[in-house]
Each structure stands twice: as structure tokens, then as C-alpha cells.
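Next come two complexes built around subunit A: one with subunit B, the other with subunit C.
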Partner chain A sequence: MGIKLKFEPRVRVSKSFELFVMLSSILMALLVFAMFMFLSGKDALSAYKTMFLWAFMRKVGLEGTLVKFVPLSIIGLGLVLAFKMKLWNIGGEGQFYLGAMASTLLALFLFPNLDSFVLIPLIVFAGFLAGGFWSSIAGVLRAYLGADEIVVTLMLNYIATLWSDYLVYGSWKDPAGFGFPMTAIFPESAKLPVLWGKVHVGVFSPIILSLLLKILLDRTKWGYEIRVIGDNPDVALCAGMNIKKNTILTMFLSGGMAGLAGAIYIMGVQHRLQHAFSPGYGYTAIIVAWLSRLNPIAVLLVSFFLSGIFVGCEILQVIMKLPISVIYIFQGVLFFCVLVGEVFIRYKISLVR
Partner chain B sequence: MRRAVWLSILVLTLIACSIGGFSFAAQGKLKVGFVYVGPVGDAGWTYAHDQGRKYIETKFPNVETVYLESVPEGAESARAIEHLIAMGCKVIFTTSYGFMDSTIEVAKKYPDVVFMHCSGYKRAKNVGTYFGRMYEARFLSGIVAGMMTKSNKIGYVAAHPIPEVIRGINAFTLGVRKVNPKATVHVVWSNTWYDPATEKEAALSLIEAGCDVIAQHQDSPAPQQAAQEKGVYSIGYNSDMSAFAPKAHLTAPVWNWGIIYEYVIKSVLDGTWQSEDIWWGMNKGVVGLAPFGPMVSEEVKKEVEKYKELIVSGKFHPFGGPIVDQEGKIRVPEGKVATDKELLEMSYFVDGVVGKIPKK
Partner chain C sequence: MRTGELIRGGDAKAPPQDVVLRLKGIVKKFSGVVANDSVDFDLKVGEIHALLGENGAGKTTLVNVIYGLYQPDSGEIWIRGSKVNIDSPARALSLGIGMVHQSFTLVPSFSVVENVALGLKGFSSLRVVAEKVKQISELYGLSVDPYAKVWQLSVGEMQRVEIIKLLLRDVDILILDEPTSVLTPKETRALFSTLKRLKDEGKSVVFISHKLNEVMEISDRITVMRKGLVINTVRKEDTSPGELAKMMVGREISLGPSKRRSSTSFGEVVLEVKDLEAYGDKGIKVLRGLSFSVREGEILGIAGVAGNGQRELAEVLVGLRRASSGVVLFDGEDITNKGSMVFIEKGGGFIPEDRKRFGVAPNLSLVENLILKSYRKPPFSKGLFLDLDYANKVADFLIEKYSIQSPGKDMPVRLLSGGNLQRLVIARELEGKVRLLIAFHPTFGLDVGAMEFVYEKLLEAKASGTAVLLIAGDLDEIFTLSDRIKVIYEGKLYGDFPPDESYLETIGMLMAGVINGYKA
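And then the complex of A and B:
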């Protein structure tokens, strides 16, 4: 006579229930970690205070949060688009790299002498195309051969980072750089104008892009097709929707966004291509897309919040003298709780005898 | 349901708002910050720097240190440095080449903070650079490997193809060939600084190919463990790695960063600090060898001791000519010694290395 857990899929989920579960998962994570901290003799409350203050109220921290917010949210938006169609593009990192590499090619080698009002839009466009090219490889393989896009996009990540390494260790290496694996610094014309500290004009792009994506998904026929194909490909097929074309196009746009993020990041923050320049934005963006429950507006909030957590965690190391492993534990607990919350949103769980 | 939403928002806001002011550390102490590229427990590069940090804490009671570990390289490392400055650090050590631009950039904003960047080449009025002549200790470890090998094939798990790594491989090979002209050094690139799984694989592939001594450049002790498992010898790096492979570990070229850190902090405290390029060697004790394993014979130790004295006294330079590269071209002619610039830009393998530097 055992007691079993019964999972029943929920038919309708109200917005406020989603929000409630989301917030209580975060609260749960904070509690679990506080217990862990308490057991190891640390003061969790002051850790949270420090994190919050530093990431959102202090200039250095807020700058950092905004700097991280830009690439994270743009890649996240791209992933939302693909995930809506149930295309699991996990190649954001590689597409991000491709965008950065295309930008470097233009800024340092093809058009170093162009004026910035021509060069910057050109680079943004090139970054978009490069990222889109990279993801549409997976799109084409999926559309015509049925190849699993998870595997293909994941593998393309490795190819992209190794390709970039090949360039920065090889022919793109700064000739005046004593053999260090980095290119020369971009000309001034290829740097985005700075608004405040390290925050550059690119900070507005996620907001614009998220509105565009929202309109695309909710208000256009094509957005409707994407949702239908995602929810039920058979119905889509019967309705005469072109699944192949949409697969490739969606993958192209999704990767294009990541490439665009790469272009903006490298022009706004990095100013040169270098070995391992991305702290894994393409991967973190998957969490962003997931946490925002594929809502383009939520992507902005989630990526801002997550960026703040990452920045706040950095300062915890210094103020609370916490080792980085404890910080990884905190981030792990947080993601875990949110994913558990996801289960509660999807299923009604009850005990049955 | 709506009420529950408001309740959870309220609780979260309460947590966020229960804000007191910060109280920063005791006044009057000199605060020193370190930015590390890896975790302090890596048993390698970062661990060695962290030993140096602990050393200055015991050396100067009036100095307090803080660090940030596993900081990714690239432009965003600037924020890590600024965190430390916001915490009141007046001296900052950035310990990886990828922090170079950030160090220079932040230094411009804080002219009254002293910055020291490890392994780079860019300096400013308040930015100095420091590094050690690790090739001297590499040369000595090569002598050990050259005398201990039986198959005359020595494996070298190389990190990234940058001059520092190439210089180490060359110095090691010159040491090997000094005592054993028949031996060759086989290089495999892992293209990692810290990735135990990949590095272990690379070491195993070298052992498979018949190498019976394994040397390495990465920060993890994984190649040592591979050697121990397969019953061959190994040469560690960065710090004494014998705990990870007691049966394999012959010795390791090691860093004693504390010596440079002590010198810098002392000059800051005295008010005599000036931006300079510190590149110290064995004579100052910045580099050296870890204690020998029990399998290393007296004969080997004597040979090492002989060259150590010659190097320390300046009578012998590992890169003294003639230095011949893999193609037989003379890179340093007889009677000459490689200049510092040549050492810093080294991009060729010496004769005796089997392997290739990835070409442009």
C-alpha cells in the first residue's frame, strides 16, 4: 500500500499562478541557500543584502549588470523565437562568436577606414548575417535531413570557438602583441558610443528587439504560423504551412539575433577578438529564455535579474570571502528551484494511495 | 491567488530592502587585491599565486588581502578590478595575461592605486608588470627527465601555443638534451589552461606512444595522475604536485610568487614604488624546483645542483648559443645568449622537440 505522486497536466495556467510559482521558487532558493550558509556559519541575509546593493545600487555593479544584460537578453530573444517553434537551438554561444568574428573581420581588415555612422550599421548587419548563417546550417539539416538541431547547434558551438581560436592564435593575432592570442584593438570608428561608464548605446537594442519580437509573435500571420508549427506540426501541415521554409527562416533569425549580440558586445565592450572572450553568454541565454517562459518582454526582466545575480555574486567573494564554489552552489540552487517550479506550473501534483 | 502573488512580492521586497550600510574593513591597513583566472584550489597557477598572497599576509601584519577567483579573461575583468578598488584596495595584482587591457583601462581611472600585471607587456605610471624566468627551472627539470627516461621518449602536455609555453618546452628540451642527446620531447597541445579531463587524455596518448616521462604546462594535476596510473614518471608544474602522484612525480618547476609580492608591497609601504618590469629568475628564488621524489638518484640530483649553481651565478644561460631549431636553422649563434625580446617572442621549437606549433 504505497503512496504515489500523481502528475496531471494542467490545461489552463493563469498568468498570476505562473508569477506566484516563479516568485516562490526564487524565495525557496533563497531559503535553501540561507540554510546552507547558516550551517557553514555564514550570514545569508547580509550576503543577499550585499548582492542586491552591489548589483543594482552601486555604480560599478549596475554598470556590470547592464553590460551583461545586453548580450544575454538579445541572445535570449533569439532563442525564444526558435523555442516557440520547438526548435531547440542551443547554439547561441557559437552564433555569438560568429557575430563577433564577422565584426572583427570588418572592423580590422575590410573597412578599418570607414566612418562610424557607416561602419557600425554595417558591422551590426554583418554580425546578424554571420550568426544567422551559422544557425541556418542546423536549420537546413533539420529541414531537409531531419537532423537533430540540438546536436548540430551544440557541435557548431565547438567549431565556432575553435575557429575563433584558430584566428586569434594565427593570422589575426595582433602583430604587436608578443604572441598573445588576441587581435589588435578596433579603430575608434568601430567602437559604440558610451553612455554612462561602460554602458554603451547598445543597451537600448534589447528593448527595441523585444518589442519587435512581441509584435511578430502575437500580431503577425507569420508569428501565428511559428506558434502553430511549434504546438502541432501535423495541424500546420494540414493547414498548408511550409514547415521546411519556416524551420530555416526561424533558425536563421534566431541565430542572427545571437550574431547581432556578438557584434554589439564586441563593438561596445570588448573592442577586440580574444581567446575565450565570452563568459558563456550563449549558454546562460538558454536559461534566460526558459525562465522567461518564452515571453519576449519577460526576457528583459529575467536577463536583467540574472545579470545582477552574476555581478552580485562576484562581490560576495570579496565582501563575504566566499569561495567561488559556494557561489556556483547558489546559482545551481536557484536554477534548480526555478525548474522545479516549472514542474508545478505544468502539472497538478497530488498524492494518491 | 492574487493575494499570494502580492504576498510573495512583499516578502522578496522586504529581503531586498532590509538594507544597512556597508562597513568597510579596518582603517589604517593597506588593502591588497588579487584577480585570479582560475580557482585557488587548482593546485597550479592560481594556487601558486594564492600561496604568495598568504605569504605577504603573514609577512606584513598591516596588510590585508582579498581576492576574486575564476574571473573570466576579457573586457569584463575590468569590473572585477573595480570591485576590489571599491572595497578599498590600494594595490592590485592581476595574474593572467588576459587581464592586461582591463588593468591598463582601470588604472587610468584610479591614478592613486598601484597595479601590477603578471606576464603582460603594457605598463603605465601606476601599472608595473612582473613575471619569472621559469625557463631556468624548466631547464633543470629537463635534466631530471633526460636522466630518468629509459625509452628516450619524453611527453610534454602543452597548453596554448603562446611564447611562454613554447619557451618552457624549449628550455625543458635543452635540459633533456644536455644530459641525453638521444632523447626527444614529444609535444601534444591540449589548448586548455585548466581542463583536467582533456589534459589527462593528452597525457595518456603520449604514454601510449611510448613516452615514459610526462611533463606539463597546465594548471591541473591531471597529467600527473595519468602518469601515476600507467606507472611512468612525471614532472609537475606551478606547485609541488607530488601529493597527486607520489609514485610518478619526480619534481616540478615551481613558482614562489611571494618573493615578488613581498618586494612590491614593501616598496609601496615605503613609498618608493615605481612602475617597472620585474622579470626575476632563480637567483631571486622566484622560480625553483619542488623537492625530488624518492626515485630520483643522487647522481641526478648532483647534475641538477651543478647547473643550478651555474645558472644562479650567471655563468650559464639555458638559451646560450648555439641554439638550433627543428629545421636546423641557427637561432642563437655560438657565444651569444638569447635576448629578453627574443625569449618573449619565441615562436619556434628547438631541435629535439617532436611536434608542431600551429602555424598562421
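And then the complex of A and C:
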């Protein structure tokens, strides 16, 4: 005889309860992470204090946070769109790479002499198309062959990153780059105007895109179709909705956003394509989409917060001499806690004897 | 050996020997909504005890408490003289309680025998289980192919698998949540004889239903519930259908088929089907040359035992399934294999059998579910955008007109009861100019009040000139509503009868496959 956990599905869940659970999950993650730091002999409280101050209060740290915020939130928004239709696009990373590669192609090889007024919009559009093309492969395979988009998008990530490596180690390598795996620096016309420190004008794009996505999902016929198909494809068929077409279009737009993020990131921050230029934004964006509970506005807050945490972790590496894997540990712990929180949101859990 | 797990009630009085299950003061609330309010219930050894009540009366909640799916907020459960705490279906099963759910608990991608084996302990091979399934099927007339995949089965066949699963277990308290709602009269007969045999063996049955004649036929005692409360428990001999109906709905209602056909003059042909053939999910031809037509203001009833091609017929007509040959004409236009969009645009409405699967998007709001067929065009949308103000106004109007009870029009429809879901589906499918309505088991799982409502709406549609194709298993329903009746058997249509009771026997024979020279 023992005490058992009893899971009962919740009939109704209030928004405030969802928020409460989400915040608790994050708090829990911070507590567990504190344990890790304690085990490595570090003072967790002062570490958190350092992290917070650096990421959000100091100029250099805040710049870093905002720089990470832009790609993370844009890819996250794209994933929210696909997830709404229950299309599990986990290929944000590959689509992000494709966007960056297309940008490089335009900036360095096709139109290096164009004026920035023409070139920047052109690159943004090309990045969008390239990311969209990449995810559409999974969309088409899903629509016409029923291939699992999780597997396809994941595989496409590897292809994209290796393709990018092939270019930066090969034909696109900067002749004046001392053999480093990277392209030459972009012409000035392909760099986004800087606002402040490292922060570029692209920092406004997540806000605009988030509003657009919110309107798309809540107000338009297409967004309505996406939500109906995501909730019950059978009834969508009965209502005459075209699921194949919507699968491809939604995947295209979802990957397009990630590609757009790639274009903005490379024009705003890197100014060149190089080996492993993304610290896994496409994967972290999955956590962003999940933590924001598929709410486009929440994506902004969540990605800003997470960016801050990552900047904070980077600082910890320097100040407290922690290895780089702390970031991955923290991500893992956070995602785990969010998933546990999800269980609390779906079920009422009680102890019974 | 399990006594250690039982919690002995110190001061509480144990029920008498002949009471195998006793519920005392069961209270269950969901977010403040009382689903069961101080429910007392006794089940005697070797009795069939009916739980009668409308949808949302709290019957399903109560049996879910017994089966360990829900924990009561307060109250006691006694099994065979011991107070118990049933914290899971596994615990319920170990106490000898088995349940057939209203919505099925089968793994669609598994075969029948794999599904049955899932619940069994200690079997040597699937072949042995298949053998057992066959035995049970033959013994109780629950015919089903043991190696068919569950997703290919009709709702009626799935129900049979559930019942077989239960019968293969050594339980002595059986809970059946509306087991007959998908069965044909013949299958119901077979089930009832099964139940009687089980009863003779000393097993006890809780039988949930809202069909009065069934309850009057099969049960020994009847407990009537309404709005979470037990209204009364009566012995069958001491009551009458009229009295039960009154307890159930709290008002007098008319019983039995009433002829309410307003006109017998019909307009032009709306739906014409010629030599229609189509394949089912198993790759077998299930529609084998159907021809019929439905005129304006006419209700054509198609009677038949579940699984004779009704589902496929409805799906082909509304554009969800491809016809392999034949023609479907809608107002003279060929819509064969043109898809559901064309069907909707020509003014077609569809009341599906499985309204949860084909009728609603459960997590979307009432408003969003109500505009499902009309969102494409003004005034519901302008250009790329939905007109939510207009949709809200229409929703208010429809919720009022069709008396849809809900926690609010912005709440997800999964919170609605079965009857209210069907009101919502009917509101959506009948509103606007409907030329043709395909009603497929439109009263499946509905209580008397909601059934009356559906009948009323179908007759209203007919009166306004809509052509109605009614596909149903319930002969009462077919006779009550139809202007003409055809019988579907193994993918072919037989006969063309007026709704005259004198044809009842012939129709019943045709449904059972006794063709006797009738031509398809």
C-alpha cells in the first residue's frame, strides 16, 4: 500500500493559471540550475544576480540580449504558425541557414554593387524564399506522401548546415581570410543600419511580424483555416478546406520566417557567412514557441527573456569560469521543466492512498 | 488477499449481502459545476439496473466514478460489503468492475484481436485470443472480423469489439454506457439476450440509456437522474414509460412515432444518384450500384443495419470519398468526385454520425464553429479578413434560435454536452439556404428532448423545400420522418416503401438480408 499520483484531465484552464504554471516552470528551472552551480562550487545567488544585471541592465549585455532576441523570436513566430496547424516543423535551424546562405549569395556574388535601398529588401525577400523553399520540401512530402515532417525537417537541418560548411570551406571561402571557414565580409550596402552599439534596425522586425501573425491567425480566413485544420482535420475536410494546399503554404511561410531571420541576422550582425554561425537558434526557437503557448505576442517576451538568460550564461563562463555546456544544461533543464508544467496544465494531480 | 488494500469503514454501516455495489452521497464537481450531487445508488447481485437520464444528467460522470476514472469530491463506494477507494480503472477491474464506454477506448491502428489482447492477462498467442474472440462472437452474435484493423470498422462494429473485450474478462459488475445507441434492433436483441444470460449467472449490470422502451424491456430496476440528482429509483413493475419520461425530462412529452408530414406534393428533383459505386477503407466495394433521387420537400429514409455502406454513401455524397463509378447530380449538375467545397457551395448540408469527429473543431469557440461553412463569403468575410462582428451577431442569433446551452459563445465547444453539440451542428448546417441535407444518424446518442428537437428541425427544413436524405438505423426515426423508405443492404438499395406500419416487417426482413425477390 502506498501513495499514488492521480491524474485527472482538466476541463477548463484559465489564462492566469497557464501563466502561473509557466512562470513556476521557469522558476523551477532556475532552482534546478542553481543546484548544478552549487555542485560545481559556485554561489548560485550571486551568479543569478550577475546574469540578470549583465543581460538586462548593462549596455553591453543588453545589446547581446537584443541581438539574440531578433533571430530567436522571428524563428519562434514561424514555428508558432506551423504548430498551430499541428505541423511539427523542427527545422528552424536549417531554414535559418538557408536564409543566411541566400543572403550571402546575393550580397557577395550576385548584386554586390546594388544600392542598399534595393539590396536590403531584395536580400530579405531572398532569405524568406530560401527558408520557405527548404521547409516546403517537408510540406510537399507531408501533403502528398504523408511523410512525417518532424523527421524530414530534422534531416534537412543537417543537410543545410553541411551545405553551408561546404561553401565556407570551399568555393565561398574568403581568399583573404587566413584559411578560416568563412566568406568575405559583406559590402556596406548589405549591412543593416546600426541603431545603438551592436543593435541594428532589424530589432523592430519581430514586433511587426508578431502583430502581423496575430492578425493573420485571429482575423483572416487563412488563419482561421489553419486553426480549424490544426484542431480537427476531419471537420476541415467536411467544410471544404484544402488540407494539402494549406500544409504546403503553412510550412512555406513558417520556414520563410526562419529564412527571413537568417537574412536579418547575417546582414545585421555577422556580415558574413561562417562555419557554425548559429548557436542553435532554430532549436531554441522550439522552446520559445512552446513556452509562449503558441501566442505570437508572448513569443516576444519569452524570446527576450531567454536571450537574456543565454547572455547571462555567457557572462558566467567568463566571470565564474563555467564551461560552455552550462548553456546546454540550462536549455535542457528549462525545456524539461516546461514539459512538466504542461502536464500540470493539462491534468489535475492529486495524491491518493 | 486484497483485503489489506481495503479500507474498513469503522462506524459506517455495511450494505446488505445482496447489494454488490453501493454508492453513498457521491458528489463530483467540475470547476464548480456539479455533475453529481449527493448520489445514492444500489446495485444488487444479479440485477440489470438502468441509469436513465437526458444527456448531461450526470450518468456518465457517475459511472466514471465507479470505474475509477474520476475521484469523487465526497461520498463512499462499497463493493461486496467493503468500503473501497477506486483510484484507477485497473483497480476497478481488480474489483471485478468492467465498463464499455460511450466513446470507444480502442487503438485504431491495431487489429480487433490486438485490441482485445491489450486488456488480457496471460495469453499465449494472438491466435488463441482470436479463437476466443470468434467463440464469443458466435456465442453472442457479435460478428466482427478478428483481424480487421479497428480504424476500418463502422461505429457499430467498434462497439461490438468493446463488448467482446468486456465479455472476455472475468468481471461481475458490468457498466454499459449507452451500449445500444449504435446497434440495430436486431443487434440490440442479441445484446439483450447476452445481458440476460450474464444476469442468470449472477452478474450485475449497470445499463445507461435514454431509450425508454429498452429500459422497460431489459432492466429490473431503474434509477432516473436529472441535472446531477437522482430523481427516483423504481422497480420496472411499478412504473410506466410515461412516468419515467416525466421524471427524466421534468415535463410531459409525447411518445411514439407521430405522423407530422405536412405535404405530400414534392418539387423538382434535387439529388439524383445513378449506379453509384465506391470502395470502403478495406479496399472492398461497399457501394454496389445505388440509384435513387430526392425531391424538394421530401425526406427519403434509408434504413439499414450499421456497416452496410451507409457511412460510405454519406461520404461520397458530401464529397469526402471518391466514387469509383456512377453519377451524383445536385440540381442537375454533376458533382461526382468534385469535393466537399462544391457540395457546400451548391447548398448542401451534412449532419454527420460522429459529430465530435466530423462536426466540430473542439478547441475552437462556438462562434468559430458556427461559421465553418460560411466563412468564405460576405457577409462573414471581406476579402482576406473574417468579419468577426458579423459572425458574433449571427452566433448570438443562432444560439438563441437553436437554444444552444453553453458556458459562453467564446468558449471552446468541447465543453458542450452531446445534445448541445448536435444543436450547434444543426444550426450551422440548416441556416441559410439549404437545398439538400444529408442527415446521417442525426439523433445518435441524443436524449429524448434533443431528439424531438432534431425531428422538428428536419421537418421544418422539409417544409421549407429542402430535400432531405435521412440515413438512420432507428426504424422509429425512419418511420416518423420519411416520405419514402428504402433499405440498404450490402451496398445495394432495396424497395421503395411509403411510411406505413404495414411494411414494417418487410423492411425489417430486408434489413436483415432476407431479400425475397426484391430488386436492387
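Just so it is clear, the second predicted complex is superposed on the first by the 323 of 353 C-alpha atoms of A that agree within 3 Å, B and C clash if a C-alpha of one lies under 4 Å from a C-alpha of the other, contacts with A are read in each partner's own complex, and residues count from 1 in each chain.
Assume a contact is a pair of C-beta atoms (placed from the backbone, for glycine too) under 8 Å apart; a residue touches a chain by one contact, two chains touch by 3 or more.
Predicted, not measured: the structure shown is a model, and the values here were computed from it.
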Side-by-side fit of subunit B and subunit C on subunit A, or clash: fit
Touched partner set for A:G259, first subunit B, second subunit C, both or neither: neither
Which superposed partner A:G91 touches (first subunit B, second subunit C, both, neither): neither
First, second, both or neither for A:I315, with subunit B first and subunit C second: first
Subunit B, subunit C and vertex subunit A (Cα centres) - angle in steps of 10°: 140
Contacts of A:K4 with subunit B and subunit C, given as first, second, both or neither: second
Subunit A residues touched - subunit C or subunit B, whichever exceeds: B
Touching partner for A:C238 - first (subunit B), second (subunit C), both, neither: second
Where subunit B and subunit C come nearest after superposition, their Cα distance in Å: 13
Contact footprint of subunit B on subunit A as seen in their complex: 14, 16-17, 19-20, 23-24, 26-27, 30, 45-46, 48-50, 52-54, 58, 60-61, 63-64, 67-68, 165-166, 169-171, 173, 178-182, 185, 198, 269-272, 274-279, 311, 314-315, 317-319, 321, 323-325
Touch list for subunit B against partner subunit A, complex: 1-2, 4-5, 8-9, 11-12, 15-16, 18-20, 22, 33, 39-41, 66-76, 78-80, 82-84, 86-87, 97-98, 100-101, 121, 160-163, 191, 344-347, 358-360
Subunit C residues touching subunit A - in the complex, by the definition given at the top: 4-5, 30-31, 70-71, 85, 87-88, 318-320, 339-345, 350, 352, 357-364, 368, 372-373, 375-376, 381, 384-386, 388, 415
Subunit A residues touching subunit C - in the complex, by the definition given at the top: 1, 4, 6, 8, 11-12, 219-222, 224, 227-228, 231-232, 234-240, 242, 350, 352-353
